[in-house]
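Several structures are given next for inspection.
First chain A sits with chain B, and in the next complex the same chain sits with chain C.
Presenting the complex of A and B:
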């Protein structure tokens, strides 16, 4: 297994487009790192650079301390699972699994033994004679996994491997991949745009946006303390709500205020509140009143979309009761912490608790 | 359904142009040739007598027919394999061209727009023993080039001209086939440790096999029939019958030599041969094709 070190990696295309800026990341032995971000944020390019399928414009990539910038994909000893699986359609499952071993001149009996072992590990032992087109989506996914596992590579790369599966199979395969990765203890880099997949699979999560890393941390750390407004909005489902407030007129329900800094704060800030931290109450008795615009029942809970009076933005409330509010009604909202404060550039603000009887220093 | 049943005449009217062309230019001559192959015509074309299989036995036992058959075999195999191999090489390279790829591809397709006869003349000029650019180059290399005297060189000339033309056709299909292979397959093979050469033979080539098979059939038919113009304008079957293929001999015996019965028998034999060859290709080669 291996340690992976990315130092100030950049990708520029001829014609000037700069798609990755100074990517710094170090991945520990056996760790599962999930890179998540919206489409076009550069996450797949990053993965392809690690694989050696894209050249590195500047910066260095180390595997186990060796700079591999100039190495061919095969020399890097990595394995990759592609979004469309990239199984060789004219080869049987056996030949698909054996291909990389054959290319490396592994003896025949050794190949047979490893294919047998791998196919049993993945539960595809009965499919060895079939062609990929005769397999279901989940089976193809397993063969693709097997092809990556069989070589016992130093690093696993996954490029959105579950996005072609239907929802229930996706949940199952997500668990299987995670279990397998932990069992084999292989350093992994996993790219996805699905935040649920990212949260559930990652040891550490890397959130990317527009070619930059926004934040790196464990899923729960990112959920509890997002460093930027982008991360706050991206991690968690349904997404966090944001209210824009004038700094010199912060409302009474806000239990935290920006910590005093050397630079005076002016203008507006953004307060992030998760949908589970807003309660519906009778109109007039909460922190603010709002009009209910849409109710989405999910069974055990409902998502209630409301528009608070005096605000442009719509908020989503996670409503646990089985009694559904009706659209068009007026309702009260109780806003509870934790609140996340961001400045106008989207950076998280350091905060201090607000004492009940003191006012915000900026308010005067 | 009922709409179609009510219109009994319209479908026939709509199909008529196609049907008339097929009937007049294929079935009529084919049936005439088949009938003629059993008759012997007199010298003035005034009468004919039924001859049974005499035309066939005469053709099959003649020395010149055997030579033409041998020439055709050499010619067809060379043209089919040569045109396909060169086209595959060019298509593989064109597939990797990123800048100005459209212009590059268009240029490679152009030779197909040139008529076979013109293609033949083009190469004849370049390889003319006294005027040709290429002849001079060959002379400088110490090769004495005169296709008018040397049968092998004459054969080489018509093969080159035919390959040059057919290559464009093959190129279009190979390029389309290559572009139908997902890039991720080749990337996966790269990661799996296969070098460019091995990637080509284990991934690209098997995945192109449906295209290659189709082209093998088309190229065989092309080499058998459509190269008539190329041969006629350059060597006229010479020297000494060295480039006389079956289709050219058929023309010489029938149109020039006025042996209608014998030439009809040859055309029936040629048709049977190509039919049989195609059948063999479908039966034996297609088994190894990887449709996916």
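Presenting the complex of A and C:
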């Protein structure tokens, strides 16, 4: 258990490529932080820097107030679960679990006791004599977890540990990992590209893009109030829809407008609307008309892809109910709030409610 | 792959049997000839069955100093064995350590080191035998085991093969070991060596036979009879003083020289089949 403090961490490679810019993050004792972002955003590099597997180009990393920049992974007292588990293929499950303790000179009976305890905690007590190749994916995952848990480290690091599992096992394991982490109350840093995994597991979420942190907050805070257009598009499934609108001709359905700022707003802005906030209605009776291009039935609901008249972008509508619209039809769209407004650079705009007198006629 | 065509089976077996015979024939002839009396061998006909001498020639070779060489054959075999083991173990040790450094460590001129090792693949001992002799003579190592083994102890081939194998291992394995508190030596001994078992067994066979069959270098470096190896002595045996080479002894010694490599292959084969079944990358 520990506090983790990242101060202006940077990573530069010899060739001059700057992959991480000024990462500032502090993680509380026992907290589960999930770092999420598209591939290549630097999230794995960040994790490996915390682990001590990558050097820190500049900035400082503190664990419990000690600067650990120059320390080897083992000295930092962290444990890591790798994407491919990295179990030692020639060692039995017992030896895999015991290896780190052996390297620390733990007495034999102490090792046996802790392996026994850990393997029971993870439900792998019956597998101790097996080699990793005799285990299923889920069992390997558990052994990898066990190898991290057994040392009772100060910090847990997870590098996309569930991406090699099939979908149903992934759901089960993410619940197990979360439960275990809460039970042991160990400070954790978890990296994933899967936003569902991120939302369900995190105490706080860190969204990264192109080597920078876009936003830090609880999953629901990020969902309700994304700070940038990138976060808005990344969190939530299916992704948020965006419409580009000219600022001097905002349509009547938009119930919010940008708040007055010192700088006058010019040009265009984007409006983000979540798929569940668009309703299909009969053609001509909604805020705008659109043509249905694709219908994806999911059972309890369906995703309807529509192209509004006069717009280039396609919108996704979450359509409840079992009656499916057909592709090619014309439909009306009712757009409801909350709307998220972003400027040209993707930054969230402060808004104010729209006054009644500025209502525009319906867009056709 | 298996096709259910009897004709194909017959054809395949015919080809295999012919191939086996072609390879076996010289060995069979040597074994048969080594059991003949000297007189029977010089009658001019190829022996088709075991002769009257039985194992007499073998006993002679092993118990008495061999004519023209001066030491019994077991001494020669021991010399050969020491040389072959020295070369095989030396090559494996150096190659696996060099490959470990090349794959898992980042140091300046790493690629350059690899290419330097790699190009020595193209330099056989024959090309560098004169300077090698000079160096070994200057060090006073002629007619000694170190002098015999040291010039042959580096192997670009084995380094290259270990390097290729190490590169197939996921890098996370070393990272996991680092997180688990294993230093470079621990990782090498606890993880890399056990995983390389199969490769080590296979390369040991190849390198042992390579060492056993060395001819030119022992001939140059070992001029005294006490230090002669079996393979280089074969030639000396056939140069006889009275004009008729003792073919009965020469064939018997050839068969003796075949035995240790065969034993090594039989033992090691079991090992690397076990390795293939037991471990998985």
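One rule holds for everything that comes next: the second predicted complex is superposed on the first by the 357 of 364 C-alpha atoms of A that agree within 3 Å, B and C clash if a C-alpha of one lies under 4 Å from a C-alpha of the other, contacts with A are read in each partner's own complex, and residues count from 1 in each chain.
We adopt the following convention: contacts are C-beta pairs under 8 Å (C-beta built on N, C-alpha and C of every residue); 3 or more make two chains touch, one makes a residue touch a chain.
The shown structure was predicted, so the numbers you read here are calculated from the model rather than taken from an experiment.
Overlay on chain A: chain B and chain C clash in the combined arrangement. When the two complexes are overlaid on their common chain A, residue A:133 makes contact with chain B and with chain C alike. Look at A:73: by the touch rule set out above, it reaches both chain B and chain C.
Of the two partner chains, both chain B and chain C are touched by A:99. Contacts of A:13 after superposition on the shared chain: neither chain B nor chain C is touched. When the two complexes are superposed on chain A, the residues of chain A that touch both chain B and chain C are 51-53, 72-74, 78-80, 82-84, 86, 88-90, 99-100, 103-104, 131, 133, 147.
Contact residues of chain B toward chain A in the complex are 182, 184-185, 187-194, 198, 202-203, 206-207, 209, 290, 292.
The touching residues of chain A, when paired with chain C in their complex, are 51-53, 72-74, 78-80, 82-84, 86-90, 99-100, 103-104, 131, 133, 147. On the chain A side of its complex with chain B, the touching residues are 51-53, 72-74, 78-80, 82-84, 86, 88-90, 99-100, 103-104, 131, 133, 147, 151.
Contact residues on chain C toward chain A in their complex (touch as defined above): 170, 172-173, 175-182, 186, 190-191, 194-195, 278-281.
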